[in-house]
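We just call them A, B, C and D in the order they show up, numbering each chain from 1.
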């Protein structure tokens, strides 16, 4: 079968490999759609540790093709989404019910072969059934969505709250939709590209601001009469962390979601955090949220089609992952 | 009567003033004990806004001497502790149940006359009855204790958790006791002065570390097998905020309590916060906790006597507030 | 001015009384709209304690006509909604931040004169400004809505959750809308009258069931694949409490909102509650939610017009309150 | 090896069986201590479903004797406690992070062979290391303790709170200790047997009441000045559920822990629950708490020796499980 292999840092190619066999407890999934994510680019450049060589691709949807020994939850033929993050179950974090903080986390498409291939082997507990008639491209959104749902849980939005979302990539545009579903009254997206601001307004944002054109902090404070209840930082740059905290209403909270480079220091003002009682709540990965994401995608309540800016075949994956995102790119989907 | 007046920034003297009258809804309290707090020194130096002139003293305990019109909750003669922070009741924060974030907060001993005097006028809702035979010096601890209880609420300590307390002033030594009462298993105090580390061990800390002698982060991680569940920052310096975050277990939390100067920036590492899901939870003032503090002080469960390092009369207040704390000072109590 | 007076249990008439004067801290509100609530009927029949004689009417909206001494938050002319429940501020519940459990609760339209009159005196802290151009009829919905918001807070609905609402009176139909705003995916209303089921479907319910025609428990379990995440009981009858608990998903919760008669016993199955870990969470009155209700009504996000089934003048209040609700009645509004 | 087999309902005998082999992923534990629990008596009588035939014993501690294929977390020789409850990992409850509500729960000592035997096979993820020098009898307490910790999590005790514990069996006496560790100020045990009330007072209760001698509700309300913050029901009889709710402070909570017979109805007063906002929070089994229980037992902070009222060999298990508990019995420990 074909697979897009990361052979070494900066070296990725599609080539023929052997189709995987289902080990006991595993299923073989025929990949129908897989999303390319910013992390894939980080892995390509060696900024995020992976197995080498490995097939990347951790946002995937496909059909169960083969069922290994001891698997009773699938018979074959099901449309499934895959939670790529495999917690060990025995480390202290797992035993406290915090699998996203597992000390021995492994991941499909990172430390073992993933979805940029014709087939992928998946431990059966990591696969979640979707409605059979669902567009597999939608199914490929379950993984990022599950992370966003965890962030929304941490955001504790109450009906009537105001929410600012910083960064209008695919994550920010999913967060806009989730904030709307969580009952936010005002939903303000801050992002630089016009096309994304327009998309946000179509997806439920009540306001979209360009931080290069205006003072976003002042604007947000103004429209929210003093500060926003919840900020969801999903740009992953120092500016948004800093401006995010300053946008908060007294008693508000910032959900930290964007990934800044390891080691990068960002100055904050502890006095302001304190007297305004602004909490910082990080949300990392997808603890116990993949099933909810699958249900939500399955229900059709999210607008996902307009987030797909390009669809490619396996032969084009290396090219896309190996280059910077094009202007306007939101989500590139691979259809093997 | 006598009162210690802040006449101008840097200018404080004891002098005779008229005894206050009880306005409708107020009571007159004869002050039996009042604590000097670090904030008093900040106010003296103009680093924290106050009325001028004003009588300072916001940690106070005394006897109800006179009862104004319309007051039914006191008859006179009760021993009371006073919550100095007066929320307006009508601003958005008050109406959301967040009185500590009141936009119009006033305070006894800050914006109106306080307890470094023979008598003080107090809105009756701000006074809380104590057992009549309680040592009034203990009663003077209710105010800082109420703030600490709010911090402990935010800390969400569960039986068996480990807690690190950074800064061994009176706040840190109260937090040690509260952490013990909240069921913490390991309680680690980090502070520089030996006398405080010794005090902490007497008060329930299981370990006390000198951050100038050893690597406190490494030591805490070591004894807690990887990181502490909760850090309570009560030194108010950049070092402890930074080291505090680094001591946390994955999934842990830092309660921000110490007051750093307004405008002071402290660099943090967002990547580390994120992948370790370490929350930062500020705790400011005493929302709905003064009654609990009064009950706790009244129950006698806290060791407070050893926190009083000096007792002075009104005539010595200006001298103490006007100078830096002496080495070994924990709490100076004024007994008019 | 005119006022509808409860003179004795079962004896209510409109008559001329003196217009109230604004005491210090009070405002006089000219009533533009006031809702009749089931509790008014209970008070009429002596099933709920009130002052006697008293003017009923606790759901009210009007214009500030006069401003008493010491009131700075109003100048006159503002459109306001009134939170009728006046907490004492000093009882243990108030001091723990639980004003709805105040031991000395008084209420406008219950223990002091209310809104079925041309004018009503209101302590200024109980009044909340609305947009000047808001329909006052909408303003009269703030009070029941504030109670519903408290229930929704207790419900802890997460995006994607399923919610069953039992009882399709005005409360149930507000809950349908709030559940939708809180991100519920499936919203099932159970009520007997067809007109209400139809209304619910227009207002956002995804399913509406007649409990007399089908087995509602079985139907809810079926459409939710095993049980609903949250049940909001707002019928106030034993049947719905019992069936509500049985509809719950394992790990679900029932919010108890309906008022059953004092002393009425309802059998529950503790074994089932336990092994399914179904929590029962009562929600009583409107702690710190009136401002949120006012903001939500002001934003226009709720559909309220279709909940008003009749509009009457003061002269008809006694007749309506003194009779049972007509079939199809949802909310009767009084416009003096 | 020897094993105490439940051969049929009401028929239990010790006999020789084959020593189990470690399947892949399993370990063989040599049992050093196993507790007899009320559930064992229910299983014996057929009141709780089990496999038949099966070796009972789900509270166990022992030495790792053999390590199956693929097990890397043990090498042999470790002292371990076993979490008997095995969640499937794939049902909706498991995937929402609620393993105690697993739809396919199996259990060691219930649906597969347990610890009333010389050896027991254990999936390695169910075993938790204890300090090597710990008394194995203490290790046998981890299982009930883990359930109690879950209840304490649900109780949300804050320092200074009052707690009433209803039922003074082994569970009640563990809860007394946990409530003390959680910072409860007043801890009131209600139980009929004098010896248990005396034990409770030694273990940290501040008051112990005999419900047959006095009106426990009135007494609790009296000493807590109006009602207790948290009630933990661990008697499993209708009386305690009913009196428990009535003891609550307004705004308090009852944690439902005791197991009443399936199908047994208990009348409650919804009006009282509502206007007092008393929550009912069931706590079932041990979700993510076994590691915390193991750490707590390992730390030696609990007094467990005095809870052991009898120690027997395997040959006496059938006799004890087949008879009603003797007066004064708290925990019977089996040492094979």
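Definition applied: a contact is a pair of C-beta atoms (placed from the backbone, for glycine too) under 8 Å apart; a residue touches a chain by one contact, two chains touch by 3 or more.
Being a predicted model, the structure only gives us computed values, none of them experimental.
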(message) Contact counts by the stated rule: is the higher one at B-C or B-D?
(response) B-D
(request) Please state whether the interface between chain A and chain B is built from the same residues or different ones, using more than half shared residue numbers as the mark of same. (result) same
(message) From the mean C-alpha coordinate of chain A to that of chain B, what's the distance rounded to whole Å?
(response) 43
(request) For chain B and chain D, let me know how many angstrom lie between their CA-based centres, rounded off. (result) 40
(message) If a residue has to touch 2 or more other chains to count, which residues of chain A qualify?
(response) 92, 96, 292
(message) Chain contact topology under the given definition, line, ring, star, complete or other?
(response) complete
(request) Please name which positions on chain D make contact with chain C in the complex. (result) 92-93, 96, 98, 100-101, 103, 225-226, 238, 241, 250-251, 256-284
(request) Please name which positions on chain B make contact with chain C in the complex. (result) 73, 89-90, 92, 95-97, 124-125, 128, 287-288, 290-292
(message) Taking the touch rule as given, give the residues of chain A at its contact with chain C in the complex, in rising order.
(response) 149, 152-153, 158-160, 178, 181-183, 185, 292, 295-296, 299, 301
